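Step one of this worksheet: look at the structure below.
Lettered A, B and C in written order, each chain numbered from 1.
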């Protein structure tokens, strides 16, 4: 379950193909379709990013009148200034970070603990509880909005970031509990039985034996949840009642001005800040992410 | 139904719903309850929509000058919400009796009627009392028509007239006279098309610049009560004389008056096509003046833009002088936060809004103007003149529709002019949406 | 030993927080909303009891069934597209690119991170036909084909949504499925190779059966996400032209919050939940069966 299989762990696959005497030409031709596929993939993945970046430097007139592929004739850095001054991107980024990361921490903590208890421990009714959690995966978010609005209002949480954090944590529960339970299922029970025989308390078994064994899985779940929460629009729209509470996704809607006019330059500047900011975090974490995703697969 | 009874029923629903859930759920319910106090809040909170920055600008000015006393008693606090979700937010807030002291109104008259019926918003006429004359009679009549009330429940922070804006240069170059009748408009459109100029720039994504043409035709053909009859139920959109209007607009589209891919053109696109000289005409409201005044957007120049009223229909009952008008998206005041300090604010804003809106941004509002600034553009002066001359006004196509009917109408408008829906099919879709 | 693994207090402490948050924030509101399905009216004007009226209304509402049909069509097409393309990418990473796949994986994965608003704008521009001609129509014109108004017709708009969402999500499924492929022991593949299996036969007879569990979880995952599609449709077409690309979620949102009919909105949401439930149980059962077989 842990990261046994890494890139370096499998050099034998390349060497096992018997060396052929055939010329390099055939090899090149054999590789050609693959290269075309890769070139195509590169284009459809990189161009949109580039397009977003170059759009952020266009003036409104250029964006509306010039063809799609035309590069900006001037570099409108004022778009970036607008994005942060009138657009308040800084505030939105701060709110996104302040809601998403605490929620993520709670999701992982609660989810892993529940997954452990549901799969490793033995008690009556655990099947039912797992099923109740599983049912939550199917609930459309729209269904819970109105009652939640009432609850948050009556408990006077409206006007803070708490409604977002609480709702995010709860909506992350079903999938996390379900996935963690499946990961724990894959760990041989003998490990926990042995650790309890050694006299470890159940919390110790969980914290020092169970948790480390699913470390990579935790990373995977955290990543999946991060993208769900980071890109959430529905919940953030409903529970943020002032501009000072809005997250990035809601904030991006604010670049629509009088009578539905869109300020495209500042909008794309804001998108770029959000996208390339995430890209940097992502590239730093990349090794971890891919290892986590590949080491901890979802097993049905 | 009295407020108390309503509040009781509002609390009854969740309680009923929770009976099935059991004790766990009841704990959540008990946290609910006693809200909607009549206590006036310490702040004069204003929830603005980000689609309108004008009101905030004026409020900030008055809070420092004309309404400094009111500001001291109850300081102004402005917050903003995205325009796309205003309706949802207002409903959720109103359901909790938590509408802020002052807020942007809903653009859906049907929802506003609910607010009025449920006693959620302040009767502005009563609040103004002797100062109620500060609202222009024309604006007052639009408000009454719109919400079906005797008093005003909103502030007309804008007063717009609608019609067709045209490019004088293109008209001259092609020897075109301003069309006085619908048939002439059709001919002009054909002539422009033949000359390789897109006749009308429109916005199929939002749909309303298209459906306004249907109501325009209806008012000219059937008279000013055409849409009221549909609202009363004494006429149906599927009646022959109504379908005729939709067919006329569909025919205009089939002749290529709106260019290609109408459904993909958004509000920006509509303006850009007109203001870069690629289209000869555009149906729009007088709020467009701000766009015309912005040299970055307007490449044809304000002096080259003319305004014409919607053309008459030959043999129709309506007059070309009935100008379609609207109050934009107005503002309203919450009943649950209302008190003497707020009343003072309401009076102060009403007495100063007209002058300040005109001087700061050139917005023509539904309030009396005491001094017209000198630096107004000719086009703004023209509109200001038209507004003050307006004797009778008419509403727009969706004004008296339910929210659902409005949505169906506006989202299918592009289909009507691009040929995927016939006039009859379109009107049936709209009529059937309840 | 049993007593430690069955410690009641520990179970409460471990499951308690998750269950409590989940119950209060998800379960209670769901039953609360279920209650609304029996009422007419809005949160502004108050509610009146309506019995099963809303369910009758749903059954007789052509717009609701149209949305229902769109939701299913979209979910099926997108699930197939996401999983098949994701699987092809996973095979590419594992068997053809091998060591060099890290960069490609990262690139293909990246669109997942892009904000929906940005992606929708991009695709609107890509498939634009007026006022500018977008690249897709430009390409068609180059071959002498007239421009297509992609967003003006129900069918073409549907495919643009599908292409956009597949582009966005295939990298995610590729990595998820790649994880399943990496777990296949090398010696099994090698012994199959020695037995003479290669290329497509190797994939069909060895690789697919062995990665079946992860394939099926991906399908469950995908179908539950796609049945609830909301953001991307809202941002790209807003349900248009007309209501041709309106899924149940968007119809529910419009009904409850734009039309102010919360009772009927809740009824639509309830039907959607039922749909998810039926589909998941269906797939879950076949998963179980296939697992015991494998």
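Keep this in mind: contacts are C-beta pairs under 8 Å (C-beta built on N, C-alpha and C of every residue); 3 or more make two chains touch, one makes a residue touch a chain.
The shown structure was predicted, so the numbers you read here are calculated from the model rather than taken from an experiment.
Centroid distances from chain A, each centroid being the mean of CA atoms, peak for B. Among the inter-chain contacts, the highest number of C-beta pairs connects A-C. We define each chain's centre as the mean of its Cα atoms; on that basis chain B and chain C are separated by 37 Å.
Between chain A and chain B the centroid-to-centroid distance comes to 40 Å (mean Cα coordinates, whole Å).
Work out the mean CA point of chain A and of chain C, and you get 15 Å between them.
Multi-chain contact residues of chain A, defined as those touching 2 or more other chains: 64, 146-147, 151, 253.
Chain B has residues 14, 28, 85, 88, 92, 95, 269, 272 in contact with two or more other chains.
Across the assembly, chain C contributes residues 24, 27-28, 32-33, 36, 43, 128, 131 that each touch 2 or more other chains.
Note for the complex: chain B touches chain C at residues 1, 6, 9-10, 13-14, 16-18, 20-21, 24-25, 28, 85, 87-88, 91-92, 94-95, 108, 110-111, 114-115, 117-118, 120, 205, 259-265, 269, 272-273, 278, 402-404, 407-408, 411-412, 414-415, 418, 420-421, 429.
Residues 14, 28, 31-33, 35, 47, 50-54, 79-85, 88-89, 92-93, 95-96, 98, 206, 266-269, 271-272, 276, 287, 290-291, 296-297, 299 of chain B are the ones that touch chain A when the two sit in their complex. Against chain B, in their complex, chain A makes its touches with residues 59-61, 64-65, 146-147, 149-151, 153-155, 158, 237-238, 241-244, 250, 253-254, 256-262, 264. Those residues of chain C that touch chain A in the complex are listed here as 1-2, 4-8, 10-11, 13-15, 17-19, 21-22, 24-30, 32-33, 36, 43, 92, 96-99, 102, 104-108, 110-119, 122, 125-126, 128, 131-135, 167, 171-172, 175-176, 178-180, 182-183, 186, 190, 193, 213-214, 216-218, 220-221, 224, 228, 230-231, 234, 248-249, 252-253, 256, 262, 265-266, 269-270, 272-273, 276-277, 280, 287, 291. Those residues of chain A that touch chain C in the shared complex are 5, 7, 10, 12-14, 16, 34, 37-38, 41-42, 44-46, 48-49, 51-52, 64, 66-69, 106, 109-111, 113-114, 116-118, 120-123, 129, 132-148, 151, 166-167, 169-171, 173-174, 177, 192-193, 196-197, 201-203, 205-206, 227, 230-231, 233-234, 248-249, 252-253, 268, 271, 274-275, 278-279, 282-283, 286, 290, 293-300.
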